[in-house]
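Two complexes are shown next, each including chain A; its partner changes from chain B in the first to chain C in the second.
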Partner chain A sequence: MNPLLAQLLSKGRFRLSVGILLLVVAFAVLGPMLDTRNPLFAVGGRYDPPSANAILGTDVIGNDVFLQLMHGLGTSLKIGLIAGLVATAIGVLIGTLAGFLGGVVDEILMGLTNVVITIPTIVILILLSVALESRTLVSLALIIGVTSWPWTARAIRAQTASLRVREHVDVARLSGAGTFSIILWEILPYMFSYIFMAFVLQLASAILSEAALSLLGLGPDNTISLGKMLQFAIQGEAIRTGAYWAFLPPTLLLTVISFALLLLQSSLDEVFNPRLRRA
Partner chain B sequence: MRKIWLFVLGFLVFCGGVQAQSLPRKETLYVGGLQWGPPSSFNPLMAQAGAAWPNTAPTAFGSQLLYETLFVYNMLSGELEPQLAARLETPNPTTFRITLRNGTRWQDGRPLTSRDVVYTFELAKRHPVGYAPFWDYVRSVSANSPTVVTIQLNPQKPNPGLVRNYLASVTILPEHIWSQVEKTERSILQFANLNPVGSGPYKLKEYNNERIVLERDPNYWGRSVWGLPAPRYIVHPIFKSNEAGNLALEQGQVDLSQQFVPEIWKMWEQKRLPVSTWLKQPPYHLPGHLPIIFINVNKKGLDNPLVRRAIAYAINYPLIAQTAMSNYSVPVNSSLIIPEGGEKKFFDAELVRKEGWSFNPRRALEILEKELGAKKGSDGIYVLPDGTRLGPWKVQCPFGWTDWNQALEIVAANARAVGIDLRTEFPEYPVANQNMANGTFDLGLWFVSGVGPASPWQRFRDVLDGRGVPPVGQTAFWNYNRYSNPKVGELLDKAAAATSEAELKRLYGELDKIFMTDVPVIPLMYRPLEFFQYNETVWTGFPNAANPYAPPMHSGAGVRFTR
Partner chain C sequence: MKSLLEVEALGRTFGSGKRTLQAVKGVTFSLAPGEIVAVVGESGSGKSTLARLILRLLSPTQGQMRLEGRDVFRIPLRAYWRMVQAVFQDPYSSFNQFYSVRRLLQKSLGLLGPLSSQEREARIRTALQSVGLEPEGILGKYPHQLSGGQRQRVMIARAIMLRPRLLITDEPTSALDASLRATVLNLLKDLRQEQGTSIIFITHDIGQAYYLSDRILVMHQGEVVEEGPVERVVEQSQHPYTKRLLSDVPRFHG
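Coming up: the complex of A and B.
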């Protein structure tokens, strides 16, 4: 077995986080296959408490909270995945180009990155979401993705800048390889674990961004997500009327996902980052 | 050193002085739900366009606290009651003779006379005020003596009901002040009127971004008629959100509220608070409004009345009433007449049963498959024989109108369940408003005239009358979906001029049948004219169904606070 993998598997934190994530994904993927009812269709009345009919009760318009949780989790994960991939891709592209090419290109790209960092992401998110005619799952994910890449770009740039002066890169350059070929074959493979960890962080923050946007009423239209469940609970005054089942489950699930992803990231970091590696 | 302390002490005293003066709770009535943003204008001519409480009301019938109207509308009886005026006589069908009460007076001590009444109505000839259409139906308003006003109706356009509606909604203004305003201000509608002089029992005491305070006028002219109102002060706190206002009602910081308070029964059933609504059991409030989905009848697919009928059958009205409306509505009938209060006498349950619809998704499928011959596509959405797919169509209403947003989520889910692709869209209010007025929408939930002296005539006009409505792209004030039917105009004109109740009932029945056949709109729920709930921790004696001495209204003939 790969020694790194063996090392990973020996860590309790890694096993715990992967276990939680597998359960969460299974809930979102297998759940709707086992229970094919429409989550946007009422099964009871306004805020019916948990019962045999709906084990987590109903929301403000009588939809089954448990069913919504399954489908909403799926939407939130999809948004997180797409947004995380987009943000990581942009971050890696800009980071490697800036780090590898250096000079004026570096100045320009990092200038741009620093400008984007100083603008509060939530403001851009809100403006972009409002400007959209209708918000679909994909468009929302793209909005989150294109606003959250700067930190990844900065980190990747630093890594690239240090890899650039390695000997094997010089060898490749001497043997006539082009810029993109070198980045692709000589630099990226050495950062792969690092990029993956950046992606895990992006995934966690994208899921939370979706929740924040949906809470403000800017979530994806005509579908259900964890954030939209919270928005509905707040709109329907679930807190004042004591309908805890409408807002606690999505809140807890969001907490668990973030916790598991951050735990995964830190356990990966521990293995892949030699300075943190314990004896 | 001592100087510094003196300075600090002085600063603290200064801060204390700046802080809002606290009013004695026992003498102060707190109301809520009638003012949301910071107040910027107290001009009653702007009641529909942002004037602050108490000049604004959720209905056309203004509050009687600061300014007053000639008559006040009582939604329980459907009748006009005297306010500034003592009586309304009709010596012949085209003449109204109004006699003012004795001793009517402005808050600055000057007498309120028939000249002020004439001046107020004639303002609408010179300025684009909200009641400008009054002059479509009236030929002249004249003062015969200081207390008598005669209104000659326009015999070409007889509509005494609508004129009565204006008598109960136009606030009378003092000529000696507003004629000066006309001279000095560029636009009388932009005039902020920050030191309002009205004729009502309360004067504006102070206002800021957190509250508006009214103080009782001990010299109110009407004290000989009704006595002085009990609260010395009436305060409207300006809440940041609906929930904050509801919490204040629950905690007794607000005494009387016009907010939508979901599941209010829990306050007395579970928390044992002295809170109440008009009725102690569902639907808790009296219906006074009929929120309606306008359907764009000029859009391919939606131009077919059978498609519209299928949508109407697909919607789960009982669920909307129970969830989105928090049980504050009974399931809506497929009628433009509200079957309670003043309109009850016109409601024909038999006609509705025969010609109308109710929640029945199987009937919707039957219409789609058998009557329309539509085929279900692989995506579960029906396609008409001519190839028109039923959707995607957007059904819109303003963002943040929570009960409406929730109701439309149900509508969209119901429609998709029978194979019609409806999707919700919640733009900000100005965008939604423009879409409606310009006719650029697929389906849109909107309001039409509530109960009043001219209802249900006004509501039939709002929904069915296509005469004089500008084309798509220009601002319409009713008939947003540009529906037209040649039979409607004549029926509406006859109903406007009709004098006998039997005749009216027959005409309204015919109009209601046209609505049920063509389905240009779908009523979704009933809503109270104004939400009316109170907390009796400090003040008691509010009217309710058991003690109906006043209707559940914050305006018109509603509570006078005299007990």
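Coming up: the complex of A and C.
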């Protein structure tokens, strides 16, 4: 077996985080297959406590919280996945070009990066929610992705700048390879683990961004997500009325997902970054 | 004899304002076809920067170069690299760890334009055999499966395969065991003998320069401080820096 993989599998933190994530994904994917009821359809009254009818009770309009949790988790994961991929892709593109080309290109791209860092996602979202007819899952994910790439771009730029002075890059240039070919074949393979770790962090932060934006009423329309569950709970005064089952499950689920993703990232970091390796 | 490469007042400055560093200052020399010139100096003397300038991996801030009488900077890069190739110091970092020897050599052959697959295969095999490597055993291997000496020989094979007019070797033996150094030096000698390749041999070891080269340039703080035929420089060195370099060579007899 690959020695890095063996090393990863021997780490308790890695196994724990992957185990949690598999359970979470299975809940989101298999749950709706086994229980095909519509989560946006009322099954009881306002804040019915957990019972045999609805094992996690009902929310403010009588929807089944457990059913909403399964579907909401799916939406949150999809948004996280799309936003994470978009942010990582833009970050890698900008970071490698800036780091590899240097000079004026570097200054322009890093200037752009710093400008984007200073624009809060919420401002863009409020502006877009005014402009757009409806916010879909995809448009929300794209907005999160397009505003959260700068940290990845900075990190990738630093990595690229240190990789481009290696001799194998000179050998590739002397063999006639162009800029894009060198970035693709000589630089990116060396950063693969690093990019994957950046993606894991982007995924975690995108899921939390969705929750934050939905909480403010800027979530996706006509669907349920973990953030929207929290929004309904707060608007429906679940906290004041003591309907803990309406807000605790999505909160705990969000906490568990972020915890597992950060744990995964740190265990990957320890294996791929030899300086962090413990004796 | 008409010279292959003429370097005139070549210089490179790094940084700007107060924090400038002139790594190479006004270097002038010429190289005849089939000649081996050693550039000797300690680390920081600018010899590797000079190599990168001649290879056009770095652009100079001053000076000119001519290859076979043509202005070097008017030659398209790919065409230039068909004539001028290099072997670098570190046979570990010269390899992309993700690719096999076959892929490395195939990619480099791309420089020569379209070739039939038989022609490619033949070139690769001949080059590997000429550095004493068995193509069957080595082509499918990845860098981590090769020893330091094998890696450096693959790198030399890569350069030989392209049949350059000029080969620049930047400390090609410094990462190798003493027993392998002679092998590499002899390979370079054979290359000049068989293909008439000119070689710029960059080293900090004046002993190796003496063994291999026809002429020596001594570099110190970016400048050529002494130049001449090997025997003259070694036996009647004039510049104090050259004398110091010579005194660092361990003597076993005499």
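Heads up, the rule we're going with is that the second predicted complex is superposed on the first by the 273 of 279 C-alpha atoms of A that agree within 3 Å, B and C clash if a C-alpha of one lies under 4 Å from a C-alpha of the other, contacts with A are read in each partner's own complex, and residues count from 1 in each chain.
Definition applied: a contact is a pair of C-beta atoms (placed from the backbone, for glycine too) under 8 Å apart; a residue touches a chain by one contact, two chains touch by 3 or more.
This is a predicted model, so every value here is computed, not measured.
Peer 1: Is this a clash or a fit when chain B and chain C both end up on chain A?
Peer 2: The answer is fit.
Peer 1: Of chain B and chain C, which one touches more residues of chain A?
Peer 2: Chain A has more residues touched by B than by the other partner.
Peer 1: Who does A:T136 touch here: chain B (first), chain C (second), both, or neither?
Peer 2: It touches nothing on chain B or chain C.
Peer 1: Where does A:N273 make contact in the superposed view: on chain B (first), on chain C (second), on both, or on neither?
Peer 2: A:N273 sits against neither chain B nor chain C.
Peer 1: Taking the superposition as given, does A:R46 touch the first partner, chain B, the second, chain C, both, or neither?
Peer 2: Touch status of A:R46: first partner only.
Peer 1: Can you report the vertex angle at chain A, computed from the C-alpha centres of the three chains with chain B and chain C as the arms, to the nearest 10 degrees?
Peer 2: 150
Peer 1: After superposition on the shared chain, which partner residues are touched by A:T179: those of chain B (first), chain C (second), both, or neither?
Peer 2: The answer is neither, since A:T179 touches no partner chain.
Peer 1: A:P189 contacts which: chain B (first), chain C (second), both, neither?
Peer 2: second
Peer 1: So, does A:Q235 touch the first partner chain B, the second partner chain C, both, or neither?
Peer 2: first
Peer 1: Using the superposition on chain A described above, determine whether A:G62 touches chain B (first), chain C (second), both, or neither.
Peer 2: Touch status of A:G62: first partner only.
Peer 1: Contacts for A:S162 in the overlay, against chain B (first) and chain C (second): which applies, first, second, both or neither?
Peer 2: Neither partner.
Peer 1: In the overlaid three-chain picture, find the nearest pair of C-alpha atoms across chain B and chain C and give that distance in Å.
Peer 2: Least C-alpha distance: 48 Å.
Peer 1: Which residues of chain C touch chain A once you look at their complex with the stated criterion?
Peer 2: 52, 55, 57, 77-78, 81, 85-86, 88-90, 93-99, 104, 107-108, 110-111, 155, 158
Peer 1: What residues on chain A touch chain C, complex-wise?
Peer 2: It comes out as residues 166-168, 170-177, 185-186, 189-190.
Peer 1: Where on chain A is chain B touching in the complex?
Peer 2: 38, 40-42, 45-47, 60-62, 134, 217, 221-222, 232, 234-237, 239-242
Peer 1: Along chain B, where are the residues that touch chain A in the complex?
Peer 2: 242-243, 246-247, 250, 262-263, 266, 316, 319, 322-324, 326-327, 394, 399-400, 402, 405-406, 409-410, 412-413, 416-417, 423-426
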